[in-house]
Structure formats: structure tokens, C-alpha cells
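Both of the next two complexes hold chain A, though its partner changes from chain B to chain C.
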Partner chain A sequence: MWKTILRRVVIMIPQIIILSLLVFILAKFMPGDPFTGSITPQTDASQLHALKVQAGLYDPWYTQYIHWVVNMFHGNFGTSYQFKEPVMAVIGGRAINTLWLSLFTVILTYLIAIPLGLLAGRYEDTNLDRGIMFFNYVTYAIPLFVFLVIGLWLFGYVLGWFPSGGSVSLSANGFWGNTWSRLYHMILPGVLTALLSTTSTVQYLRSEIVDQKHQDMVATARAKGVPERKVFSRHILRNSLLPIAAFMGYSITGLLGGSVFVEQIFTYPGMGQLFLNSISNRDFSVITALVMIYGILALFGTLLSDIIMSVVDPRIRIK
Partner chain B sequence: MGEELLTINHLHTAFKRGTEYFDAVDDVSLKIHKDEILAIVGESGCGKTTLAKSIIGLHDLKRTKITGNIKFQDQELVGASPEKFDQLRGSDMGMIFQDPLAALNPLMRVEDQVREVLDYHTDYSATKKHKIVLKLLDQVGLENPERVARQFPHELSGGMRQRIIIAIAIACKPELIIADEPTTALDVTIQAQILDLLRSIQAQNHAGIILITHDLGVVADTADEVVVMYAGQVVERGTVFQIFNHPLHPYTRSLLKSIPQAEHEGDRLYAIEGAVPSLAKMPHDGCRFAPRIPWIPESAHEKTPTMHEPEEGHYVLCTCYQTFKFENGEAV
Partner chain C sequence: MTNSSEKEKTVKTPSTMKVIWQEFRHDRVAMASLIFTIVLILGIFIYAASLNLEKVTNVNIFAQYDKPGQDGFILGADEGGRDGFKMLVIGARNSITIGFAVTIISSIFGIVYGMISGFYGGWLDNGMMRIYDFINILPEIMIIIVLVTIIPKYNAGTFIIIMSCFMWLSTARLIRSKALSESEKDYVAASRTSGTSDFMILFREVLPNLSSIIIVDTTLSFAGNIGIETGLSFLGFGLPDSTPSLGTLISYAQDPDVIGSKAWVWLPAAIVILVLTLSISYVGQALRRAGDAQQRRG
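Up next is the complex of A and B:
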């Protein structure tokens, strides 16, 4: 098991190198440089040139690349042009916010989706199933940003039950006050997003259950005299959860990605909002750092999915 | 011949297609005794498995209508409650499935899957169950039962998995074992071993075995009694001797004719024209085999085919068997 994980991590090294090259090349293709923003009519051209030389901008690309990579290893992603702060400090605070909101959303998504998929599959072709499928198609059809805006208007503005933005209120103090305030700010965006994120899980679980029901192994279980309820929980359900488990790795790493829509609409200071802002403000150092982080997370997501699969499915266990 | 174990009378199993029901098993009657192997033969789609599933109660009753009588050990199975079936299945009836690769749960260890039968039909202690599982695995000819017990199905070969399925089926020493094409998915050498195993289990447990197959070689080898099914009906029924030595129904004779034989090497293999009609296109009156032997005049068939008993214990459906014959290897 540990050997497999180690082997997978080793395979990830060339993948990360390729990813970093791509990010670096794309960053180089982008117009402008770190000093473009600070040029004023009074800027001395020779002084600017000297600064660029000092910053290594005239070095060959591989020297620059190695320099960038070495800095990254030291946790130095450069300075944000927009915030005039180290990139890591800018990302750090927002990553925590996003992590909590996404964790809340993902847990809520599974809490809604798994029972729905399970009921729809188990009571296939009944009115309950049709109702759940209807819910599923409706939530699939509504665009997230429309749903969020309407939800925000209704619950945040008209009814005023929840705050309409931010991640914590300024008046909150103490550990519990702070935690409660954070949670309170997450409820509306979290619930609204979770409601619309259930589609694939419900659909997968339902069709897996319907499919597993007709497998020979289920007939074997019935032929053993296993009562229907147990046939469902021990044989059908366990096998049907495999694809859901396979997806779990991705959704866990997706936690840090954040949702651009949610964070933008709820002015929630997270990674998604930061990414969008950095793009519109040409904050290259933040963008490259974020792309690198997302890329590495995606790689870890596949690893995590593999690990989860090898835990739940003995056929994937590698010796 | 032992005492009567299972009696089926005028059984109809109909599947729902849209709003209509279509008979997949049409008026089947048969009997099986203890210590007997009854083979049910026929092409794919002629209702063998449907019949087996009707006996053991594995049909989804929302989509299936079963009428007639199935009497098993003085109990009527048609219309029996799911709880009744849960109690009978595994303990009094065991079933062996066609595809050993699909019939085991891939996520459970062999021991857990075999023990599950004991869990629901006995109240033995965990250690006793463990011992029984190992004994069963040994009984079905698996080497090193302790090791096999800890393994997952994917770690075992097809033959080994089929042995495990047999172990599951015989765990509670059932009176009746239904084997639905138990050797179809296995290669020939393993087939012989599995059939030997079934026979030896029968000798020990005195069970009645219903062996469903389309392999007439297996039938000749193993069965005592043979039922030939075509398009949901029993077309011929008799002892294995009667069926193989003087088959009557054109279908049985065509089937036997289409077995490759060493002495006719190089000859064209006989094939029956056409195919089994689908459920929706099943003719409702007249002889169902008539479209596949079109040269037999209509007058040779009965309008409503009935069972005839030309010799004791040997039954055949319809009168067309009197006209049908082979000449120079071709049916005329």
C-alpha cells in the first residue's frame, strides 16, 4: 500500500515539472513585466533597465525558470502587484476561507445527494423516484449564478435571514463568537451551492443501484435467503458506492479551488474571488502561483481517488 | 427413485411488456424426486431460466405473473410470501448460477459470502460457522480452504469460483438444487470436474437436482430424466435413455442431430432453420415448432397440441413427430 502511494508520488514529479514549465511559458507570453505597472512619465529609462537587469529579466529563459522554481521551493512565489504583499500571504488567508466554505458545501452536497440517489435507486420507477429525478433535472437546469442571485435576493435581502456577503462579521469576538459568525456567513452560499451540486452524485448512485440490482451476485444473495433489506445494504449499496468513492478524491481537492461564482456573488474573500480579481488586475505572480497550486492539487486529487478506491475496492488493491 | 420432491402443474410465467403479459413459460408440468437429476434442455430463450427462477422465487412480481402450482415438500410456492421464500432459499433450495465470474460479490471475502447462508439459516456460533465454511470449501474440492476463505473472488479462477458458488448452494444441505447452466462459462476439463462434483454431492445429500443446460453431452452424462423445452413449452419428457435412444419430437431429434460427431467429420453440421420466436411474436395456437419445419404439412400438426404418451413415461407434444423424419442426414 505505502509502496504504491510512494510510486504514485514519484510519478507525479515529472507531471509537476511539465506543469511548471507550461505555467512559466504562459506567464512569459503575457505582456508586460513586474515594472510595467510602476512606470510613470518621470521614470528614467536607464534606471528601469538597471532594475530589469537586477531582476534577471534579461537572463536566458532557463535561468529565469530555475530561479523561479528554486524560489517556489522556498515558498516564495513573489510579490503581489495588486496588494504589495508576498503572494503566499495573500493566498494563505483566502485559502482558509475557501477551505471552510467548500468543506461545508461538499459535506452538505453528499448529505443531500446520497440519500436522494439511494431512495431513487431503491424505489426505482415509483413516484418517489420520479420526484427525485424531477428535482435532479430542475437543479441541473438552473444556472448556478442565477440561483445564487435569486437566493441572495430572497434570503439575504427580502427576508434578511442571512448576511449577504463577507466571511465573518466585524463585531464577532471570542472563539465561539467567531466560529458561529463564520458558519452563519457560510450557510446561505453553502446550502444554495450544495442544492445545485447534487446532480451527478444522485444520477450516478441511482443508475449504479438500478444496474447492480440485476447483477448475478444479487441473485446469488437472494438465493442464499438473505432478506431483501440486507441484500440491498450489503450487496447492492456497497457496490453502487464505488463510483461515488472514486469521485470523492476530486471533490476533496476541489475544496481549495473555490467557486468563482459563489465567492464573487457573496463577496466572500476566497480563492475563487482572488483568482478572478488577479486576472482582471493582471496580477501575474498571483495567477501563476494559483495555477501551480490548482495543478498540483488536481494531481493529488487523482492520487487521493486512487487511494480511496484501493481502500474500498479489493480488486484495485495493489501489492 | 426417491420420494416426490417438487411437482409443477400447469405453470405459466408471464412477463409484462407495456400493459400486456406474455407467457415465457407456458403450461409446464413436471416432477422431480429425491436422488434424481432432472435435465431441462433447450435453446437460448425457450424459458429454462425463467422456469428455474419461478421455482426459487427470484422473479420481480411487479413485472411477472405466475399462475399454476409449484408444490415443494407439501408447500405451495406460487403466491408464497417473500419471507417464506427467504426461509426456503439457501436452506431447502440452493441455486447455482451460470456465470461464476458475476455471481459473487467482488467486495466480500469468500468466507463471508459462504457464511452468509449460515447466518440466515442457522444459529451456530461464529467458530462453528467458520469450521463449516472450511469444511464446505474442502468438500467442493478447493485446495487449502483456509487460504481461499480469506481471498476475494477476483483472486480465484472461474472453476474455483463455481466451486464456491456450489459450496454456497449446498451449505445447508438443501433438498433441491437448481443448477442453471453451471458449466457453460467454464472450459471443458473444468466442466467435467464440476459435473462430477454435483453428482458426488447428490450421492451424499440425496438431493434432487434440476440441471438446466443446452449442452446435450452434459445431459447424457449426468441426467436421469430429461425435459425438452421449446418456446416456453415442454415438448418432450422422458428418461435419459428414452430421449437419447428414440427421441420423438422433431425439435429433440433436430437438437440431437446438430451435435458434432466424430464419425461424420467433414460433413456439414445439421442446423435447425430459424430461431425461437420472441415473446411478443409467440404463436398462441398450433404447434410452435411448425414454422421451423415448414415442409411438414399442416395436417400433421394438431390444432391445439396435446401431450401424448406413446410409451410409458415418455411424453411428446403434438402429433407432428409421426410425420417428421431424417433421410440422408437431412430432415424431410
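Up next is the complex of A and C:
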């Protein structure tokens, strides 16, 4: 098994290199350079030129690229033009907010999806199953942002049950007050996103259970006189639930893509909102860093999924 | 003579398309949603063609935030005093057009990519799948947004191309797996021994066998692409300002005052998106059921 994991990690190295090259090329196409923000009418052109030479902006592209990668490994993504702070300091706090919201959403997604998938699979072809499949069709078809906007309007404004934005209210104090306020702000975006993220898990779990039902070992268990409830909880469930665990990594990738919408709509101060904010303020050092971070996180998400998969399912290892 | 008359008598195996159509005709809900979708899209296009874009998008400050019904605006007016209903129709037309264009371009590319990858297999397939894997993990929404901001001559055409660069992936993977199993079948081997060129085998013989899957996939991606285009326009990185999209109309809801107390400005656009994506996907799901012998209802 370690061999598989090692091989999978080795595949990731060229992927990271290509990703960094791509982001570097994108960054080169973005207008401006690290000094654009500090230019004033009094700036001496020759002095600016000297600074640019010193920063290596006239070096050949591969020298610049290596320089950029080395800096990145030191956690140095440059200075944010908008905040006049190191990029990592700007991203740091936002990253924690995004992490909490994503974690909360993943947990909710599984809490909703697993029971639905189980019920649909167990009561195949009943009205319950048809209802769940209809729910699945709706969550598949609806675009996330429309659902979020309508949800915010309904529960945040019309009914007023939840705050309409932010991550923590200013009046909250003390550890518990703060934690509760944070959680309260995450409920609406978390639940709405989780509802729409259940589709693939429900679908997969349902078909997995339907498949398992017709396995010989299940027939044997039934023939032995094992009660129906136990057949499900002992024989079918275990086999069907394991692959679901492997989806965890992929769902991280999916959530990151959605975080741009969720955070923008709920004005939640995370990385997605920072990204859009930086785009409109042309803060390119932050944009570059964020695209790189999102790409690497997605890479690790798929790595995690593949590793869990190979642990859970030995057949994949042989391949 | 006798030979030819015998040939005429042999019952032709119904083509996939015919089977799908027959299954579809029996599924009343699916038929209704198909007719509904077509009528809705045609209605939007015909009405939008009768509108003068400049007249509709002209700002009329006196009508700012008119309530529905006021001054003859059926769905009220927006911040610029523009007729909400007419904006809605034009926005819907633009979103459908973009979604359609992206679907056609990305589907054709994905089909060709997937067929070549699956049909030839070996190192070619391996390499192509590596490229696929890599693009698949890219944070696509963010890269599209970055591309939209740094491309110099940005318009609806470039937007379609940028979106298509990322939307062919799922089609390619689906078609690859089907082409892979088709390429192992006897008819391909028979055709090959009789000297048919690979190109002919791929497009004259394998492609028709994939037609039902392609139709289902294209329908579902059409709905998905409308969702993604409107989402990007909602964030302000989709269609340029001169061409309103349904997403642009919903983006007015980012103003806390508009979302809270002026729902008529954005809610109709949200409902149109829901209706469009739900009905198109329903047609897609019904097509899938019809194409899959195991799931047939009728």
C-alpha cells in the first residue's frame, strides 16, 4: 500500500510544477509590477528603473520563475498593493474563516447525504425513493448562486432568522459568545451549500446499496435467517459506506470552487471574497498567491481521496 | 428478385434515436417539459427580436425602482429605470445563446478528444488523460475570472472561448469510457480488417453508436453551462456590461437594500434561471432514462 501512496505522491510533483508555471505565466500577463502601487508624480524614473533591475524584473523569465518559486517556498508571496502588507499576512486570517466554513459544510453535507442515500437504496422504487431522487434532480440542476441568493433573501431578509452577512458580529464577546456568533453566521451559508453538494454522494450511495442487495453474501445472510435490519446494518452498509469516505477529498475541491460564490453573497471574509476583492482592486500579488493556494489545495484534495480509496479498496492498489 | 424481396421483409433493428423517441413519447411529464422548454426558449427569442436593445437599456432616472405595475412596467423597473420585463427577456436570450454556444463548442471538442483517447488507447490515451487530470484539478472559476480580467479585447466571443476551455472535461471523460468499450467490439475489428480508415471507423461507425449518450450529455451540459455563465456574470466576470445576462440582473441583489425590499428587480431573473435549468435538466434525465434499457419506465 505504501508503494501505491508513494507512486501517487510522485505523480503530484510534475502537476505542481506545471501549476506553478501556469500561475507564473498568468501573473506575467497581469498589468503592473510590484512597484506600480508606490509610483507618485515625484518618483524619479531612473530610480524606479534601478529598483526594477534590483528586483530582477529585467532578468530572463526562467530566472524570474525560479526566484518566484524559491520565494514561495519561504512563504513570501510579495506585498499586497491594496493592504500594504505581506500577502501571507493578508491571506492568513481569511484562510481560517474559509477553513471553518468549508469544514462545517462538509460535515453537514454528509449528515444530509448519507441518510438520504441509505433510505433511497434500502427502499428502492418506493415513493420515498422517488422523492429522494427528485430532490437529487433538483439539487443537481439548480445553480449554486441562485439558490444562495434566494435562500439569503428568504431566511436572512424576509424571515430574518439569520444574519445576512459577515463572519462574527461586533457585539459578540467572550470565547463562547464569539464561537456562538461564528456558528450562527455559518448556519445559513453552510446549510444551503451542503444541500446542493449532496447530489453525487446520494446517487453513489444509492446505487452502491442497490448493487450490494443482489450480492450472494446478502442472499446467504438472508437465508441464514439474519433479520432484515441486521442485513442492512452489518452486511450492506459497511461495504457501501467505505467508498463514500473517499469522496471527502474531492468534496474539498468542489467546496473551494463554490467558496467564491458563497463568500461573496454572504459577505463572509474568507479567501474567495478576498480573491474577488483583489481582482476588482487589481491587487495582483494577492491574486497570484490565491490561485496558487487553491490549486495546491485541490491537488491535495484529490491526493487524499486517492489515498483513502487505495486504503479502502485493495483492487485499486493492484492497478 | 426473390432475394431482394426477402431483404425487404427483414425487420430493421430500430435505431437508438427511434427507441429514445418512442420511450420519450410515452413519458408524459418528459414530453410536457420538452414542449415547455421549447416554447419558453422560442418565446424569449421571438420577443427579444422585437425589442430595440438601445431603447430598453436607456437610463430613465424618473422611473428608478418603479414598483411592478407602475408606469406600465409589468415587472417594475431597476436602478436605471429600465423595464424589468424587457431586460429579463433580453438577459434570458443572451444567457441561453451563450450557454448554447459554449455547449456546442465544448461538446464537439470533448467528443473528439474522448473518442480519440478511448479509441486509440495506449500511450496516447495515457498522455491525454494526464492532461485531462491536470485541467480537472485547476481552480477553474478563479482562472476564468483571472483570464477575463487580463484579456485585452474582451467581449462575448472571447468569453465563450474562455468558458469552453474548461467545460469540455466531463464530456471527454464520458465519451472516452464509451469509446474504449466500443473499440473492443467485433464490428470495429471487422471494419478494420476490411481496410476502413480509422477516421471512417471513428466517425461513421463508432460515433452513431454513441449518439444517445451524446444527446443526453449535451442536454445536461447545456443546463449546466447556463448556470455557470449566469454565475460568472453575477460576480461581474461574465458577459460585458453592454450585454445584460440573467446573472447581471441577479447581481443587483448584492445591494442589501435591493435584495431586502426591492425583490422585483432580481427575483424574476432568479426564477427564470431556475425554470430554465430545471426544465432542461428534466428533459436530459428523461432522455437518459429512455436511452438506458434498464431504467425504461414505459
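By our rule, the second predicted complex is superposed on the first by the 271 of 319 C-alpha atoms of A that agree within 3 Å, B and C clash if a C-alpha of one lies under 4 Å from a C-alpha of the other, contacts with A are read in each partner's own complex, and residues count from 1 in each chain.
Simple rule for what comes next: a residue touches a chain if its C-beta (ideal position, glycine included) is under 8 Å from a C-beta of that chain, and two chains touch if they have at least 3 such contacts.
Just so we're clear, the structure is a prediction, and the values are computed from it rather than from any experiment.
**Student:** More residues of chain A are touched by which partner: chain B or chain C?
**Tutor:** The larger set of chain A residues in touch belongs to C.
**Student:** After superposition on the shared chain, which partner residues are touched by A:Leu276: those of chain B (first), chain C (second), both, or neither?
**Tutor:** second
**Student:** Which partner chains sit in contact with A:Ala221 here, chain B, chain C, both or neither? Use first/second/both/neither.
**Tutor:** The first partner, chain B, only.
**Student:** Should A:Gly75 be classified as contacting the first partner (chain B), the second (chain C), both, or neither?
**Tutor:** neither
**Student:** First (chain B), second (chain C), both or neither: which does A:Pro60 touch?
**Tutor:** neither
**Student:** Could you tell me if A:Phe261 is touching chain B, chain C, both of them or neither one (first, second, both, neither)?
**Tutor:** A:Phe261: touches chain C, not chain B.
**Student:** Can you check the complex and tell me which residues of chain A touch chain C?
**Tutor:** Answer in residue numbers: 15, 18-19, 22, 26, 29-31, 137-138, 140-146, 149-150, 152-153, 157, 164-165, 253, 256-257, 260-261, 264-265, 275-276, 279-280, 287, 290-291, 294-295, 298-299, 301-302.
**Student:** For chain C, which residues are in contact with chain A within the complex?
**Tutor:** It comes out as residues 133-134, 137-143, 145-147, 149-150, 223, 226-228, 230-231, 234-237, 247, 250, 253-254, 256, 259-260, 263, 266-267, 270, 273-274, 277-278, 280-282, 285.
**Student:** Using the touch rule from the top, collect the residues of chain A that touch chain B in their complex.
**Tutor:** Contact set of chain A toward chain B: 215-217, 219-228, 234-235, 238-239, 312-315.
**Student:** Taking the complex as given, what residues does chain B use to touch chain A?
**Tutor:** The touching residues are 56, 58, 82-83, 85-91, 93-95, 97-99, 102-108, 116-117, 120-121, 152, 154, 165, 168-169.
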